[in-house]
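Next up, some structures in structure tokens.
First subunit A sits with subunit B, and in the next complex the same chain sits with subunit C.
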Partner chain A sequence: MTGVFMGALIVLTISIMMLVIRVVKGPTTPDRVVALDAIGVLLIAIIAVLSMLLSTYAFLDVIILLAILAFIGTVAFAKFIERGVIIQHDRNK
Partner chain B sequence: MKKRKPNDLVLQTVTKVVSFLIILFSIRMFFAGHYEPGGGFIGALMTSAALVLLLLAYDAKTLSTILPIDYKIITAIGLVFAIGTGVGGVLFDVPFLTHAYDKFYLPLLGEQTLHSALIFDLGVYLGVIGVTLTIIKTIGESE
Partner chain C sequence: MSLLHFAIISPFIVALFIPLFYKLFRSIHTGWFVLILPVVLFGYFISFVPLVRENQIVSETYEWMPSFGLNFIAYVDGLGLLFALLITGIGSLVVLYSIYYLDKVKEKLHNFYVYLLMFMGAMLGVVLSDNLLTMYMFWEFTSISSFLLIGYWYHRERSRYGAQKSMLITVFGGLSMLGGIVLLQIIAGTASIQGLIEQRAVISEHEFFLPAMILILLGAFTKSAQFPFHIWLPDAMEAPTPVSAYLHSATMVKAGIYLVARLSPVFAESSVWLWTVALFGITTLFWGSFNAVKQTDLKGILAFSTISQLGMIMSMLGIGAAALHSDAVSDQLFMVATIAAIFHLINHATFKGALFMMVGIVDHETGTRDIRKLGGLMTIMPITFTIAMIGSFSMAGLPPFNGFLSKEMFFTAMISVFDMNFYNLNSIGVLFPIVAWVGSIFTFVYSMILVFKTFMGPLQEEKLDKKPHEAPFGMLISPIILISLVVVIGFFPNILTYNIIEPAVASILPTILEPGDRIISKITFWHGPTLELFMTIAVVIIGVLLYRLWPKWKGIYAIFSEKWTFNRLYDHGVISMERGAYSLTSSYMTGSIRSYLVYIFLFMIIALGGTMWMENAFTVDTSENAPIRIYEVFVIAAMLVATVITIMAKSRLTAVISLGVVGYLVSLLFVLFQAPDLALTQLVVETVSTALFLVVFYHLPPMQRHEKTIGFKLTNAIIAGLVGLMTALIGISASSTKLFSSISQYHIDNVYTEGAGKNMVNVILVDFRGFDTLFEVCVLGIAAVGIYAMIRLRLSKGESS
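Take a look at the complex of A and B:
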């Protein structure tokens, strides 16, 4: 069973390396933001496989935490690209 | 031509659901801290993440309408809780910050063990929420 988990980890690592290439040479900022969001999702998958490999429940909180943080970070980046400000004082003004 | 108002229907609807999930997760992290990974610090960071999501989807004025709180006062209340548990130990003739626990019978929950470290953790929770949101709102609202 360990071999299956190691194989999954290798595949996920290769995917993250390809996404890092997209982050480095992405021509526009939205390319980089989407690549960073996908890296966050793949990190979640890596933590899930690692917690199966180490046979522990201790990392399951980290998974939901990373999902929340990746979502909020992506929303903040998207709002910065669209409006130029992240937190407005009054949006109807 | 009239300037169009921004339309964030999807983001605002998702925020209405997800922010409650994040707050529930943060409360769970706060109470799990004694036996499992978690605690006051990460619980407070998750609560402030939910409030930051509200700040992103709406604006600072809406958040101060929902929660009319001065976050500096929240930090002060947290420090009072943390110091109060320490001084409470001194009152019972034991060293500063000595904690105690006992079994209590709560309605609906049955027999539970309550520990005074929970009140210290509540102080950490309120302090971290206050500091984080003071920083974010101070930086975000500067024109």
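Take a look at the complex of A and C:
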């Protein structure tokens, strides 16, 4: 069973490495952001595999949190690229 | 607190009320109120004379800081009483003189008398304290009050300069002296002078003996204006003349003399003491008298004359220490130096006080003190002339005045080195009488200049600011009293010997005195045709010749060019010290945070690395280490890549993103090492901080300008590399040396039973170690408030909060 998990981990790691290359090379910022988003998803997968490997429930919270953060992060980056700001000022003020 | 203590501090108490008197009674000169105190004190101290004459000692202890063993012991013996009488006696006369000298309307009298009383109290404290630490306290009080008095006319540049100079030099000496006192206390376990004298054998054996002696002598020499620390005294002449008369001739400058005399029994066993004190004294004597001749300012002459006479007293005290090496009191020969020192100390206080007052009168009535402008005042100011003549002749050592007697004894003392067959005194010591004799010739010359250039010759009325006339009677009282003392002591020296001098000598040389023994000093005018008398006659003859031919040999002073004086050394020293300090500061305090970080990191590398290297602390022990797993290797490799990217990144955005990657990888590490709470927190915090970076990013000035790689600097790279290496080495060494096991087993065992929780991290955070958490919360709160304040509270540039 451990062999399967290890295999999965290796595959996931290789994928992350490919994505890291994308993050480094770019060429545009959106490319990097998408790569980061994918890294986030792969990290979720890795943590899931790891928690099976370590046979613990303790990391399920991390998985959920990572999912949320990856989403928020990507949205924030997207907004930054689109508008230049993340939090807009209140217009009525 | 006995009456004696009260007498010592009474000037301080009275000083408190002086401003009140000044404000309340504007029509009366404040000096009249002040005058009462020294007169009363003088009377009080006179009452000790019969006691002290019988070699009795009055000692009163006031427990000041008993836990430190610091008691204020008032101790009256012959030496202390002599000084106390000088201080209060001349103090009264100076106050009287100052009443007529200082104008009631124009001068700030309340300042003057407060300073003067402070000084008087301080001086009494110096001479009547048995504890060296309390003496040091009063010693510094004299420095401070002298500083204030010299700078009394603070609007004058020269006054401020003189005050600063004297402050720097005397406080330098004072602090050295404190060091010496502390050393003595370490050696003997007491700071009481009598206690030190009892333990002199222990002290002279100790390794701190020499340092203590040198430090204490530094204090004494700076205060008493000994060569080469004499330079402050001529500049202190910017003070009002009563101050010069009181502080810079009669009392303060003798504090050093007092100290040397007082500690003679402690140190004098050593030949170094004898040689140092005598050599510095004789050098000062010569240098002071030599320089006095070329002065053109009357007070300048008197200042150098004071230096020279102080040197003379000091050299006699040095030679007097030889008495300790001959065992018997009956052998009076070596003791004559000490007797002469004490006698001349009194004489000098009388005639120099009178001379200063005389100069003050001349200055007051003619508007100048320059001898090139003065002359022909004899018929206009006959009383002042008489004072000047008697004072100067006494200073020159002419009969029938008291200066003659002490000068004869001085020669006797100096000649006595021929009979001293220890410490090479009878070979190299031959120089002492010769230098003393040459110094006396110069003394004679400047004394003549003082009288004859001021009062004889033609009157140069056009050069004077005022029309000269005789001084008011009130101003003349004090110098007349002093000058009559000069004459009286001159004719009847033995009224002093029995009452004052013998007890004073007994307290300088207590150790050679058997109980019941008396020191017998007989001062006589005519002691037969001895070598001393011929020396004096030679002084007079050569002195008259030199005075007559003064314009011919003036050129000799040109040899000592201004470049090589100690004043210039001092001025340059002060300036270059300031410049040096300034350039040193500006060389490393660049204002750039980058360089400060370089210092901090360099210090860290040197301190930590140096310690590691010197202690041989580097160890590697892998036996306890867990095996390395494959996924850890991957994560670390990825982190390395991300770190390198952060450093090498061309744009900031890349750097921010790769920093985020590092953060996420750290949280992955937390997962790998099974720390779910940490991983959660790390993820959130990393996200927020990355977002914050991006927010800050947006507000940076135009991006393109800074969009370039961080410039490569070799020093930065080396320092960064070394810091990394250092922390890594320390980390490895620390984990390799486990001195004791972890306490975590306690937490594992008790997390549920004691803390009622299964999550151990959280139980530690809020239960076992909840106190830390509280303050972490505080930190976050402060940060939040701080950020809010920084954003909302925007003051324009000129405004301050």
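The rule is short, and it goes like this: the second predicted complex is superposed on the first by the 90 of 93 C-alpha atoms of A that agree within 3 Å, B and C clash if a C-alpha of one lies under 4 Å from a C-alpha of the other, contacts with A are read in each partner's own complex, and residues count from 1 in each chain.
Here is the rule we go by: contacts are C-beta pairs under 8 Å (C-beta built on N, C-alpha and C of every residue); 3 or more make two chains touch, one makes a residue touch a chain.
Being a predicted model, the structure only gives us computed values, none of them experimental.
Taking subunit A as the reference, the larger set of touched residues comes from C, when subunit B and subunit C are compared. Of the two partner chains placed by superposition, only subunit C is touched by A:Leu43; subunit B is not. Residue contacts after overlaying the shared chain place A:Phe71 against subunit B, while subunit C stays out of touching range.
In the overlay built on the shared chain, the residue A:Leu54 is in contact with subunit C alone; subunit B does not reach it. Of the two partner chains placed around the shared chain by superposition, subunit B is the only one that A:Gln88 touches, whereas subunit C remains out of contact.
Overlap of the subunit B and subunit C interfaces on subunit A comprises residues 58, 61-62, 65, 69, 72, 76, 86-87.
Every residue of subunit C that touches subunit A in the complex is listed here, in rising order: 630-631, 634, 638, 641-642, 645, 653-654, 657-658, 660-661, 664, 667-668, 671-672, 674, 676, 679-680, 683-684, 687, 690-691, 694-695, 698.
Subunit A contributes residues 58, 61-62, 64-65, 68-69, 71-72, 75-76, 79, 83, 86-92 to its touches with subunit B in the complex. Residues 5-6, 11, 18, 22, 25, 29, 32, 36-38, 42, 46, 49, 52-53, 55-62, 136-137, 140-141, 143 of subunit B touch subunit A in their complex.
Residue ranges of subunit A in contact with subunit C, taken from their complex: 6, 9, 13, 16-17, 20, 23-24, 29, 32, 36, 39-40, 43, 46-47, 50-51, 54, 56, 58-59, 61-62, 65-66, 69, 72-73, 76-77, 80, 84-87.
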